[in-house]
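Both of the next two complexes hold subunit A, though its partner changes from subunit B to subunit C.
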Partner chain A sequence: MYIIVVGGGKVGYYLTLALLGEGHEVLVLEKDAKRCELIAEQLGSVCVRGDGCEARTLADVGTERADMFIAVTDEDEDNLVACQVAKHKFKVPRTIARINNPKNEALFKKLGIDVTVSSTNLILEHIEEEVPTHPLVHLLTLRGGALEIVEVRIPSNSSVVGKRMKEIVFPPESVICLMIGGRGAQVPTGDTILEAEAQVIAVTRPEAEGALRAALTE
Partner chain B sequence: MIYSKLLVPVRGRKVDDDIVKSACVLARRAKGVVYIVHVIQVSRTLPLDAEVTPETRSGEDMLANAEKIADVMDCQAETEILQAREVGPAIVDEAVERGVDMIIMGLDYKKRFGEFDMGDTVPYVLRNAPCRVLLWRGPMEGEEE
Partner chain C sequence: MNVVIMGCGRVGAQLAALLDEGGHKVAVLDTEPYSFRRLPSSFNGTALLGDGTDEDSLKKVGIEEADAFVAVTQGDNRNVMAAQIAKHVFNVPKVVCRIYDPLREELYHTLGLETISPTTIGAQMLRDKVIG
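Moving on to the complex of A and B:
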């Protein structure tokens, strides 16, 4: 695969190194001459000095034949513009953008970027997973952030412990998909009894997340 | 010093004949071999292994000419066309791969913005080649050859 990486910072450098190791043809576009020189010295002829947001530069490096375009600069705006030019002008089938400000994720999706990677969100998700006291963990984002899959752990002092599922009032557009408790994983029905320390996997809207957590943990 | 393996990159410049002859003189002493290469710089708009017929033909002509010189000088020569994104790294890689003792490079006298200019390839090879590099600069315009 021919992969273009915009941004030769630490993320871009190690990403390129890994992709080269997998046997891909990789090109890094980097604005800074010294940084570009350093990459070329260490990785070979894979770096071109230039602005990844400029259509002319992208044409020169053969973006038209690229299979994947990844923008990983530390500027969200640059990543967005570079990916948009690659997507709409050069018809690159797959564009991936790094997002620094998680608030930009929905905007990037709306503007046609295929995949977004938010390092802030990734770290937050890991913290949520690693901190056992945290009652709600984000597992996956769906439909460009409109829906998410979350995991809620029911504390033993929650008022819902011992109640049937149908007795609980869940926020609208929240679907309980799975409960993992003492008897293993089960798809809950209205008669399923909520157990203390059970993990509940649900699909919900981001705005209903607080209400869902409250319904299961308070 | 004895040099038994020499690498000579040719680019269709005026100095090509001179550097091939010089390499042959040095290699003959050690009954060595001269590797004559032409590097085709492939645009990023094309895959590296794309067929670039006009450039390949022109490279073949250059190598045929160099081979003739080596024959006349009774020197063992091997020729090859390489395709690369950048010429400098391709020459250095070839030198490493073949384990050559010396690279002989030619340079036409050229000015850019009023200053003598060596381009990118020669400085790259001078900085990165693990072996000796002999640089042969052509005469200035008007200089007697």
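Moving on to the complex of A and C:
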């Protein structure tokens, strides 16, 4: 695939390194001459000095044949405009923007950016996962944000320990898909008995999260 | 008319003063308090510290009641982003956006934004002066 990366900072650099490693044709656009030199020294001739928001620069690097366009500068507005120019002027099929302010996620989707990656949210989620006392951990938000996959650890003093799945009242549109306990991972049925300290993976709606946590941990 | 202006540079401040003199209700937004010195002492409108690409700042400055929004900061991309927020999130009826880069201006014009490129206009005017 031909992939254009806008922004040769730390994120852009390591992203390019990884994509090159996967055998893709990658081109980095970076405004800063020194950064460009550094990238060229380390990764070979994959960097062009220029503004990834400028249509002329994008035309010069053959954006019309790019399969993917990834903007990872640390300015949200630059990432937005670069992706919009790539999408609307050069018809790049897949545009991906890095977002620094998590509030911009919905906006970028509304404005037609195919994929957004919020570095702030990602770091927050990883911190949540690493904090063992946290009773409910977000694993994945499904496209559109209407459903999410969460993990709940069942405390040994929870009232559901020893009960069958079918005896427990879950909030609407919440489904337990997996229980990982003493006997390994199992896809539960109505007769599966909930074990203390088991990890439960569930699909739920963000608004039902609190009720689901309460149902499993209290 | 109720107008929100993002960016209190020379153009933003002058526009704010003009509209204010014309009896319109004007609110100006800038991230740098020092910029507000450009507003005339007779200015009756509001000057608010804040970032026009941030929905909360825009709400504070009254974007929800605005009839018009003008983006005139130094950054083309900031203007483009703020203008799109005003148009697509807050449904402001009239949104005007300054874009220096003529190519970017052309693109966002075709995408439905009302845009002005001072580069294009300025160059044409200068040419007319030179050619006579």
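By our rule, the second predicted complex is superposed on the first by the 180 of 218 C-alpha atoms of A that agree within 3 Å, B and C clash if a C-alpha of one lies under 4 Å from a C-alpha of the other, contacts with A are read in each partner's own complex, and residues count from 1 in each chain.
Criterion: a residue touches a chain if its C-beta (ideal position, glycine included) is under 8 Å from a C-beta of that chain, and two chains touch if they have at least 3 such contacts.
Everything numeric here is computed off the predicted structure, so don't read it as measured data.
A.B. asks: Thinking of the overlay built on chain A, is A:64 touched by subunit B (first), by subunit C (second), by both, or by neither?
C.D. replies: First partner only.
A.B. asks: Once chain A of both complexes is superposed, is A:212 in touch with subunit B (first), subunit C (second), both, or neither?
C.D. replies: Neither partner.
A.B. asks: For A:25, using the defined touch cut-off, is the partner it touches subunit B, subunit C, both, or neither? Pick first, second, both or neither.
C.D. replies: Once the two structures are laid over each other on A, A:25 reaches subunit B alone.
A.B. asks: Subunit B or subunit C: which reaches more residues on subunit A?
C.D. replies: C
A.B. asks: Touch check for A:75: first (subunit B), second (subunit C), both, or neither?
C.D. replies: In the superposition, A:75 touches subunit C alone.
A.B. asks: Could you tell me if A:107 is touching subunit B, subunit C, both of them or neither one (first, second, both, neither)?
C.D. replies: A:107 sits against subunit C, while subunit B stays out of touch.
A.B. asks: For A:2, select first, second, both or neither according to whether it touches subunit B, subunit C, the two together, or no partner.
C.D. replies: first
A.B. asks: Applying the document's definition of touch, where does A:179 land relative to subunit B and subunit C: first, second, both, or neither?
C.D. replies: After superposition on chain A, A:179 lies in contact with neither partner.
A.B. asks: On subunit A, which stretch or stretches are contacted by subunit B in one complex as well as by subunit C in the other?
C.D. replies: Dual-contact residues (subunit A): none.
A.B. asks: Touching residues of subunit C toward subunit A in the complex: what are they?
C.D. replies: For subunit C paired with subunit A, touching residues are 53-56, 75-78, 80-81, 84-85, 88-89, 101, 103-104, 107, 110-111.
A.B. asks: Please name which positions on subunit B make contact with subunit A in the complex.
C.D. replies: On the subunit B side, the touching residues are 43-48, 84-86, 89.
A.B. asks: Using the touch rule from the top, collect the residues of subunit A that touch subunit C in their complex.
C.D. replies: Touch list, subunit A to subunit C: 53-56, 75-78, 80-81, 84-85, 88-89, 101, 103, 107, 110-111.
A.B. asks: Please name which positions on subunit A make contact with subunit B in the complex.
C.D. replies: Residues of subunit A touching subunit B: 2, 25, 27, 40, 44-45, 48, 59-62, 64-65.
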